[in-house]
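Read from first to last, the chains carry the letters A, B, C, D, E and F; within each, the first residue is number 1.
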Amino acid sequence: MNAIFDLALGNLLSPIILSFALGLFAAMARSDLSIPEAVAKGMSIYLLFAIGFKGGAGVAAYGADTTLLLAIGAGVILSFGLPFIAFALLSTMTALDRTNRAAVAAHYGSISIVTFVAATSVLESRGLPGEGFMVAVAAAMEAPAILSALWLVARGNGSGGKGMEPGLLREIMLNGSIVLLVGAFLIGLITGEQGLAEIAPFIETPFKGVLCLFLLDMGLIAGRGLRRARGVLNTGAVAFAIVMPLVGAATALVMGLMIGLSPGGIVLLMTLGASASYIAVPAAMRVALPQADPSIYLTLSLGVTFPFNLTLGIPLYLAIVQFITGG
Amino acid sequence: MEIHPAKRVEIVIEAPLERRLTQALTEADVTGYTILPVLGGSGRSGRWSREGQIGQSGMVAVICLIRPERLDTLLKAAFTVVEDHIGVVSVTDAGVLRAERF
Amino acid sequence: MEIHPAKRVEIVIEAPLERRLTQALTEADVTGYTILPVLGGSGRSGRWSREGQIGQSGMVAVICLIRPERLDTLLKAAFTVVEDHIGVVSVTDAGVLRAERF
Amino acid sequence: MEIHPAKRVEIVIEAPLERRLTQALTEADVTGYTILPVLGGSGRSGRWSREGQIGQSGMVAVICLIRPERLDTLLKAAFTVVEDHIGVVSVTDAGVLRAERF
Amino acid sequence: MNAIFDLALGNLLSPIILSFALGLFAAMARSDLSIPEAVAKGMSIYLLFAIGFKGGAGVAAYGADTTLLLAIGAGVILSFGLPFIAFALLSTMTALDRTNRAAVAAHYGSISIVTFVAATSVLESRGLPGEGFMVAVAAAMEAPAILSALWLVARGNGSGGKGMEPGLLREIMLNGSIVLLVGAFLIGLITGEQGLAEIAPFIETPFKGVLCLFLLDMGLIAGRGLRRARGVLNTGAVAFAIVMPLVGAATALVMGLMIGLSPGGIVLLMTLGASASYIAVPAAMRVALPQADPSIYLTLSLGVTFPFNLTLGIPLYLAIVQFITGG
Amino acid sequence: MNAIFDLALGNLLSPIILSFALGLFAAMARSDLSIPEAVAKGMSIYLLFAIGFKGGAGVAAYGADTTLLLAIGAGVILSFGLPFIAFALLSTMTALDRTNRAAVAAHYGSISIVTFVAATSVLESRGLPGEGFMVAVAAAMEAPAILSALWLVARGNGSGGKGMEPGLLREIMLNGSIVLLVGAFLIGLITGEQGLAEIAPFIETPFKGVLCLFLLDMGLIAGRGLRRARGVLNTGAVAFAIVMPLVGAATALVMGLMIGLSPGGIVLLMTLGASASYIAVPAAMRVALPQADPSIYLTLSLGVTFPFNLTLGIPLYLAIVQFITGG
């Protein structure tokens, strides 16, 4: 227990988390500090490219076995399944209508790549890196949750969504961040260690620093969202946004143990299960479920669950895995 | 200089729907439009600013200059897309310099 | 499609005053507006371009669609902010598609 | 509040010609205008988007508020630049709040 | 004297100053070279974050004593006081009206963080680094000058400003660059050397290069301003923009010696005293003193004083301190 | 022959080319992946600055002789001359009208700096760097082709262009990328090795990685262009876009051998001859030859010739030079 606490504290006092906190504070205090949209998008492209490439180069270096396929399968199952758990929890914990419940559920089935990146970064500094292919698992988990959510709405006599609009599925699968992540993974896989050596000074050296500035921006956005959401969210919804990541992480833990991932890999799968989307899914929801209120799902995902995972969640998942695997 | 009567339609719509709107316009044979970026705004669904967004969210303004007799076609096409979504559609009387252009 | 009469007010104002303007509008119960970025311009106080600026300088264009009878309230609210500053306020007759929206 | 009649001219033009257009306007003594960025559009010469461009390509929208009696001077000046190029010029009746401003 | 000249020449021929000169030339020659606003803002965020973080980590490493408080006090006094000197000088040297004099004075009481960064960079390559906490002094000097200027206008029977608009003070204090600078300083202070080690490849390695590109942009902006200001500015005003930094530096020199700063620290305080704001203060002036003409205060600050400090000022301040302290 | 093939394959499987291919794929598949305009422009500024600076520092380190002047002369002649060859080829291979032929010809006389950068990068990893001053040659080749094209149109009784509009020549010569490239070259020349040492961590270390992301964007743009151009372009035009670079490279080979460039330098001159502009020239054409159709010249230059040079051209030019010089 103490170990968890120490780990959490060490994590909290890293430049990465403090940058997020700075952004949160600045937004709450209504400072005009802001990072231009183009720069933030540029940083996210950098992070996706770097993380994908490193994952692919990792697989090229250490090889992949059936665990790779099993892990991707597990990820897809989680992404399809977690929305149902989330939907059920929301039904008991909140008074949200069906459409909003489904929309929120989609976010929690999908993943937050920045949370994943932060977990990778923590694992590396603890000398416990996960499998390189976990990046592919992350990519595979982005989309399925959206289908579950649409099905959940459609089942409720279509009162909310118009079902699966033609072209939407293709749009979701070809979402920029999925294409970039998978593409960079493949480039890393093909060019291997030699390719990594060529561009390592770009994708490894400044990585943590860029992550700091990116999280500063995430803090600003989350803070602005929270400021606006005051009063909109009740205790039930906020409690859900803390309980659900724990449920997701627990489910992922079981699956990770079953398919025989490394300790680091299990922590990453838990992080994926616990994290909630705030890029791909919100955009898809605006098209597919326009009646759902963005201020609800964005605030829960970005304003509550994201900081929770970043500060308490990841250290907790790591401590649990270390406890179980005796690491 | 001769000025030809026209209608100027301004549609403020969510960015993820931009492609759907221009597609609907094209299908209705409205092939002239200009898309402007939007920094922020406020409406029935509250206030927002582009800086508070990640990804493809945010809004855009689509401006169409069209012959008056074709206005209704355009509005119907736009409406199918805008219907369920937040945003506004406004129309102004205007004149256009080069009629062959629209 | 039914079109409801409206006024379209376009206010070009310095970016550092944006927050004050939208606050004044909100206080006057004008809660519908859209903010567009401006790249540059020219007026009585000379020429400028966003590229020649650092920080929060530069201008923005705020567009409000409003019921004709509320125009004066809006202009008065806007005027208190714009008064001492550079910028322009223009008004156009317009129509709006979804009246419940404004 | 008193509103002075004006014309609102909106010129959508290729970015490489922006400097030429504002120069022609200035030479015609039109010293009030605002330049907005354009994200994309479609017209006789097809569809384009700023994201599909490198360098200074793309378009901008130039907005001029002008006294009605000076409209023709403005249009003539603009036309010399726009003539051979893609783009549109539209005119709307408008009102302006501070007449000394233009 | 020769030493000063050599130093100035060495400084002039650094990539940093030459990049500024390139920008200046390109703008004067009406080249269409331009750096996108978002990229320039991104670079300034990077520079503020890096300089703040390094300052904080410096304080964490070497500790802070009462000198820290004295230095901040000295900075605040300078920022409050210099506008009065500037105002008086402007009254004798130019024919500007009261409002414009006050607006210009506010700029010269406040500081230019890029000039500060350039001075840091020069000091480091001379092996004479200043105290880490000088970053905090810089942050503390941003705002007070604005209050002095408003008071100067109000005293003149309010002919110009509307006094202190509610909310303006808060806005000035929570200005994005102040929040980022102070926030990064605190993050550096909290995470200390370990934090610095984590992100040094991001905030130290490419620092000088980013500064080059940033100064290229500053050169472009200054050049465009100068081109437009031809004829607007008379000799008196230009002379003020060169005399005032010398007065500010001299005042700062006395205070720096009194409070016992290191030679490097004194040079930095002189640079702060000598430099004039062109980010925070202009924005505040547009709100508080809209009648003041931006082309006057921006051209003086960015077009004359900024290049003067960069090329001649900093080497001069350094040489003076070396002469006095026998370094 | 096998060697060429191996080299081409090695080149194809580098992260740089694969990033381009990823962009091409994403655009073809209509993914919404996109790099913000400001970020892309920021990267191109970085690349121009870095390549110019390195070139200048290279000349400062190894000196320049008459070969420098001869090479610049050769470049200017190529840029003036190639449009005539291109114009003649287009007359026989396509049914384009005079204005469009002239506009396309201008692109092939001018150069693509990114292709040049990619060639530099390949040469460096093969241990065959070209002369530093080749950057200056590249800059000198940007503009002359435009004049040839305007003359070609004017000769056809002015049916298309309005001749040389006043101010256009100045605008072309002061084009942002030329000014930046030449300016950075001069800064590198003046500050020499010491300057390079100061900013090497910025302009050398991350260079290849930035090039990857930049080529990703180029792939996206080329792919979007190709998607739109389907049907517009016929076989003749596409064939031209592959034949012309070979003709340009062959001409440059002869000139390079004549003036005694190093093997690396010859490859670079061939690359310059083979490459086609897609930044400076298109903008000039919009002003000078507005009747020419951008979708024709952009698609040929960016959609066909650019990928051809990147994937097959450069390895081919290198192999030929190695064969001839027995390297």
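Here is the rule we use: a contact is a pair of C-beta atoms (placed from the backbone, for glycine too) under 8 Å apart; a residue touches a chain by one contact, two chains touch by 3 or more.
These numbers come from a predicted model, not from an experiment.
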*State which chains count as neighbours of subunit B and simultaneously of subunit E.*
A, C
*What chains, if any, are shared contacts of subunit C and subunit D?*
B
*What is the chain whose Cα centre is as far as it gets from that of subunit C?*
F
*Same-residue or different-residue interface between subunit A and subunit F, half as cut-off*: different
*Which one of the chains is farthest from subunit B, going by Cα centres?*
E
*Calculate how many whole Å lie between the centre of subunit A and the centre of subunit D, each centre taken as the average of the chain's C-alpha atoms.*
45
_CA centroid of subunit B to CA centroid of subunit D, Å_ = 19
*Residue numbers in subunit C touching 2 or more other chains?*
36-37, 47, 49, 56, 92-93
*For subunit A, which residues are shared contacts with two or more other chains?*
32, 34, 36-39, 42, 177, 205-206
_Arrangement of touching chains [line / ring / star / complete / other]_ = other
_Output every touching chain pair, sorted by label._
A-B, A-E, A-F, B-C, B-D, C-D, C-E, D-F, E-F
*Tell me, which parts of subunit A touch subunit B in their complex?*
34, 37, 40, 162, 177, 220-221, 224-225, 228, 278-280, 282-284, 286-287, 290-291, 293-295, 302
*In their complex, what parts of subunit F are in touch with subunit E?*
36-39, 41-42, 45-46, 49, 53, 170-171, 174-177, 179-180, 183-184, 186-187, 190-191, 195, 198-199, 201-203, 205-206
_Touch list for subunit B against partner subunit D, complex_ = 1, 3, 6, 8, 22, 26, 31-37, 60, 65, 92-98, 101-102
*Enumerate the contact residues on subunit E facing subunit F in the complex.*
13-15, 18-19, 22, 25-26, 29-39, 42, 125, 205-210, 212-213, 216
*Touching subunit B in the complex: which residues of subunit D?*
10, 12, 36-44, 47, 49, 59, 61, 72, 75-76, 79, 82, 88-93
